[in-house]
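Look at the two complexes coming up: chain A is in both, with chain B in one and chain C in the other.
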Partner chain A sequence: MAYTPQFYPGSTSVGINRRKHMSGNIEKLRDIPEADVVAIMGHRAPGADYASTHPPLKEMGEPDCPVRQLVAPTAGAAAGDRVRYSQWTDSMYFAPSIPYFRSYWGAINCRGCDPGTLSGRQIIEARERDIEKYTKQQYDSEMTDVALCSMRGCTVHGHSLRLEENGMQFDMLARTEMGKDGNVYAVKDQVGIPLDKKINLGKPMTEAEAKKRTTIFRFDGVPMGGKIGARKFDEAIEMTHHMWEYRSKWGYRPE
Partner chain B sequence: MVTESDTESIQVEIIPNRYLMPATTQKLLNEIYGNGGITRIMVHGPNLPRSVPYGPGRGTPIEENRDLLIEVGGQVFELSVKVGRIRLELESEEYLAGLKAACERALPFSFQIKRGKFFHNRPTITDYAKFGKVEDKRILGLIDPKAKKNRLAILSEVQVTVDDKEEC
Partner chain C sequence: MAVKHTKKLFIKALNKKFGKDFDLASQKTEYKRLGPEQNARKREFMEFAKKLEGKRGMTGYNPYVHAGGIPLGQRQLVPYKLSSTEYVVEGDDLHFVNNPAMQQMWDDIRRTIIVGLDMAHEVLQKRLGKEVTPETINNYLEILNHAMPGAAVVQEHMVETHPGLVDDCNVRVFTGDDALADEIDAQYLIDINKMFPAEQAEVLKAAIGKTSWQAVHIPTIVVRSCDGGTTSRWSAMQLSMTFIDAYNMCAGEAAVADLAYAAKHAAVLHMSDMLPARRARGPNNPGGLSFGYMADMVQTSRVKPQDPVYVSLNVVAAGAMLYDQIWLGSYMSGGVGFTQYATAAYTNDVLDDFCYYGVDYAVDKFGGFAKAPKTIDVAKELATEVTLYGIEQYEAFPTLLEDHFGGSQRAAVLAAASGITSSIASGHSQIGLAGWYLSMLLHKEAWGRLGFFGYDLQDQCGPTNVFSYQSDEGNPLELRGANYPNYAMNVGHQGEYAGITSAAHAGRMDAFAVSPLIKVTFANPGLVFDWANIRDCFGKGGAREFRAAGERSLVMPSV
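And then the complex of A and B:
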């Protein structure tokens, strides 16, 4: 029987969504053109050549190494691209992907990347053409709601702040805006430099839709223990207790 | 010399569930102003920088955060924060019910009103460094001690004074 990895326990909607994000089995909701994603990332002009830090691997003549023979390099590594990043800020008000789950998604599903989770933001570093591909996947999928999530290379404040009146996550650099037609537009790149043209990111999710797709446990949404008042906690909390107990025991008694 | 009130003042904090746009802020402040009984008021929220403060885009102007003018009580001043919290001192408790009604009229979403102690009444060292000897104690607690600028607007019947000078 083929092995099916088990990613996250629990039968709550949040548990199910966490499993989806970790397994990479995520729904595609929109299609933002690649050139627009590149423009928002701001590392190179759309259509420009990729800058490189070393010659393509084929020209370099690699040493005779069994690991290198086993592992095929990613497209960016093979071409010698620079390492670049994309950084996301996801609102704690039911954004679909909270920082840890972008990292789990990256670490499990994206080759040659270095995800990092901070308190209110999440960064993935990879070779330039790889990170562009991974960023587009994140933008297009249900991991991103264009009102509650945004790419912020600096001045990332927003994750734990209240939302604005129009339901957008607060951004002091005003990188995205809500258009009169109800669509969200990116007007600046991820470090706050104005774009040549506004990029239409599409309509944001409704509050109910965001709550359905979120990966954050919240008391006013889906709590970690599952249904309030249930006789038994959800498996997610049991697993966390179990891990906590064994980690403490292992920490104190390493034998 | 400031005339002391003979009624017990109260301090309250209004916390809307969303950050307010300038138009809503103006509406709310005017409703609060119309309710009367305000000794002092402070609007609080995250800073809206006029240019990008960090990173590769440092210094790039942020046009969206400029000229956020609002008119309160017939006088115009500029907002430099995204309003998320309003602290007030009212002359007496009798104005509290009117304040709640004013918030309900102005805010299209839910809010909380808390009573408590939000302004200090003895000058701190920072206050002394900024103002010297403070005669009118109403200005205490109205200024962010860490701010480089004194963002204090004094709305009077005659004119509006915005003390926004850069401190060295």
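And then the complex of A and C:
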């Protein structure tokens, strides 16, 4: 019988969404042009050549290595691209994705990438043309809501702050703005340098839509442990208790 | 089961921060982006920087170079209430550079050394046949309190330090022997019976026994010019010279070497251990300070023993400031970020609220402090309840979440509340530590985020070291310290570990956590920092009401 990864426990919408993010079985919601994604990332001008750190692998005369024979290089590695990044800040007010689940998505589904997970931001580094592909996948999919999530290379402050009155996540550098037409526009790149033109990212999710697609447990959405005086543990808690207990006991008695 | 604690202590602080009638529960707000001018302290900084421009001949502080011309203050720059006090100060006032009380707390540790008297007395009596009596001891202490600040005895034509610069220096003795203590001139005695509640005093005296000790506090200005490694040397030199004077010894006789050896090595208790070469610090530096010693230095346990949460939270505050702001934030790293992390543990009554909730819950369930079984199931139940309670508060009060805007702050506070609750409930620091790690895992699972990168190692792998007996990773929490493997990198941990250590003993109503000598030494009324009221003293420092020692203005032209 073929093994089917389970990825994550629980039957709530949060558990289900977490499984979707981890498995990569995510819905595409929009199609932001590649050139616009590249402009927002800010590493190269759209249409410009890729900078490289070494010649294409085919020209390098690689050593006879069984691992190299087994593992095909990514497009970026084959071309010798430099390593670049995209970094996301996801609001705690029902943004669809959250740092660990962006990282799990990357680590499980994206070859040749290096995810890093913090509380207020989540970074993935990869060869340039690879990270451009991975970034577009995230931008276009249900992992991202354009009001509650944004790309921020620095000055990421905002994930835990109250939302602006128009429902946008706070951004000190105001890299995105809500247009009068109800669409969200990117006006600065990841590190806050103004873009040559505003980029239309489309309409944000409604609150109900964000709550439906979110991966965060919250008491006013799907709570992980019920509420004070009326505890009801999600399977995620039972799983965590199990892991913690075994880690603690086996640290005491390593066998 | 009824839950007693429903006070939501943090609401008062949030009202002070955001305004009395502010809707603390709204998830949306208008960001006015008023910049640094909205804040009195930033305005003061900018005005002062302007004055300095001509004097310096080069640019300095200018908040408008921040982020390409977008300065701090795009959100509301809110003040901080020191937990359980009435002090409300600006965040800047809690950076140790701006807060003389914080500096003095650390100075009081590194300028302290404990030196046994008994070994020296044995040398005098057995090797030299000298008589040692309460009268000779009092005479010795009078000479010592002249010499220790940096004054001459025995020698002619010596330079000396200005008494006005070193007035914080003092040496007092203590002993578990009431008969001897009665004979010591009161000005030179740390009177255990007077300073501690009767039950604690009896335990301390029994632990110290007939031995006698000197609590030596060398001048603050000396350790600020040198470092903590100086303390034992400075102290030993002046102790040896004083013995020569007080007991009419020959300055060059071999017995002096015995006295010096006792003062430098054999009868000495440093405040912290020397660090390995890669950290390059001598003894009496913060990296070698154990959590148990930190717990004993803080004196809240003798002034408010009936409230173990309050006791533990004062230890957390002391530890967060020293380990996070000064050790990790300055010795090991640098800059400003560490203060922001650390203050979450001792401001705005948030950790207080979470801890009182947890401890009330535990007392209801187990019938009192330190009554719960010392089992992993107790840690599981209490840490889960406290973590879920805290998470719900952050969710229900978006201004609270905004106040602890970094995941490291929230992780530290949630896990500390879980650990302190488990410790007080069980009276066992290792159960507290188990609660800490479970809280970290639950927090990460709830919100899909925790702290910064380092939390992956320290907190997600951490449960394995709680009960480990392997020599490089297993230790009672009391004996772990800032340089324990895996603890040497992450802000928002070490002060909290010290608090969890303290909580176990506070729950048991112990007189001390690890060392009766440390506990009594820091009861010395001659210390400059207020070791019984840590958070209050930090507030005084922030409010510019605290006068630190080590001032140089006496010998400089006025500004």
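Basically, the second predicted complex is superposed on the first by the 247 of 255 C-alpha atoms of A that agree within 3 Å, B and C clash if a C-alpha of one lies under 4 Å from a C-alpha of the other, contacts with A are read in each partner's own complex, and residues count from 1 in each chain.
Keep in mind that, in the parts below, a residue touches a chain if its C-beta (ideal position, glycine included) is under 8 Å from a C-beta of that chain, and two chains touch if they have at least 3 such contacts.
Computed from a prediction, not measured in an experiment: that's the story for all the values here.
Annotation for the three-chain superposition on chain A: chain B and chain C clash. Of the two partner chains placed around the shared chain by superposition, chain B and chain C are both touched by A:Met172. By the touch criterion defined above, A:Asn183 reaches neither chain B nor chain C. Shared-chain residue A:Ser23: touches no atom of chain B or chain C. Using the contact criterion defined above for the overlaid structures, shared-chain residue A:Gly192 touches chain B and also reaches chain C. Contacts of A:Asn109 after superposition: neither chain B nor chain C is touched.
Residue contacts after overlaying the shared chain place A:His157 against chain B and chain C alike. Put chain B and chain C next to each other and count what each touches on chain A; the higher total goes to C. Remark: of the candidate stretches 27-35, 45-53, 99-107 or 153-161 in chain B, the one overlapping chain C after superposition on chain A is 45-53.
Once both structures are placed on chain A, chain A residues 154-155, 157, 161-165, 170, 172-173, 192-193 are touched by chain B and, in the other complex, by chain C.
On the side of chain C, the complex with chain A involves touching residues 3, 26-31, 67-68, 70, 74-75, 376, 380, 384-385, 388-389, 391-392, 395-396, 398-399, 401-402, 404-408, 410-411, 434, 437-438, 441-442, 444-453, 456, 461, 463-470, 473. Only residues 16-21, 24, 46-49, 52-57, 60, 62, 64-65, 82, 84, 108-109 of chain B touch chain A when the two sit together in their complex.
Taken in their complex, chain A has these residues touching chain B: 42, 153-155, 157, 161-166, 170, 172-174, 177, 188-189, 191-194.
For chain A in complex with chain C, the touching residues are 18, 92-93, 97-101, 116-120, 154-155, 157, 159-165, 167, 170, 172-173, 192-193, 215-220, 223-229, 231, 236-237, 239-241, 243-245, 247-252, 254.
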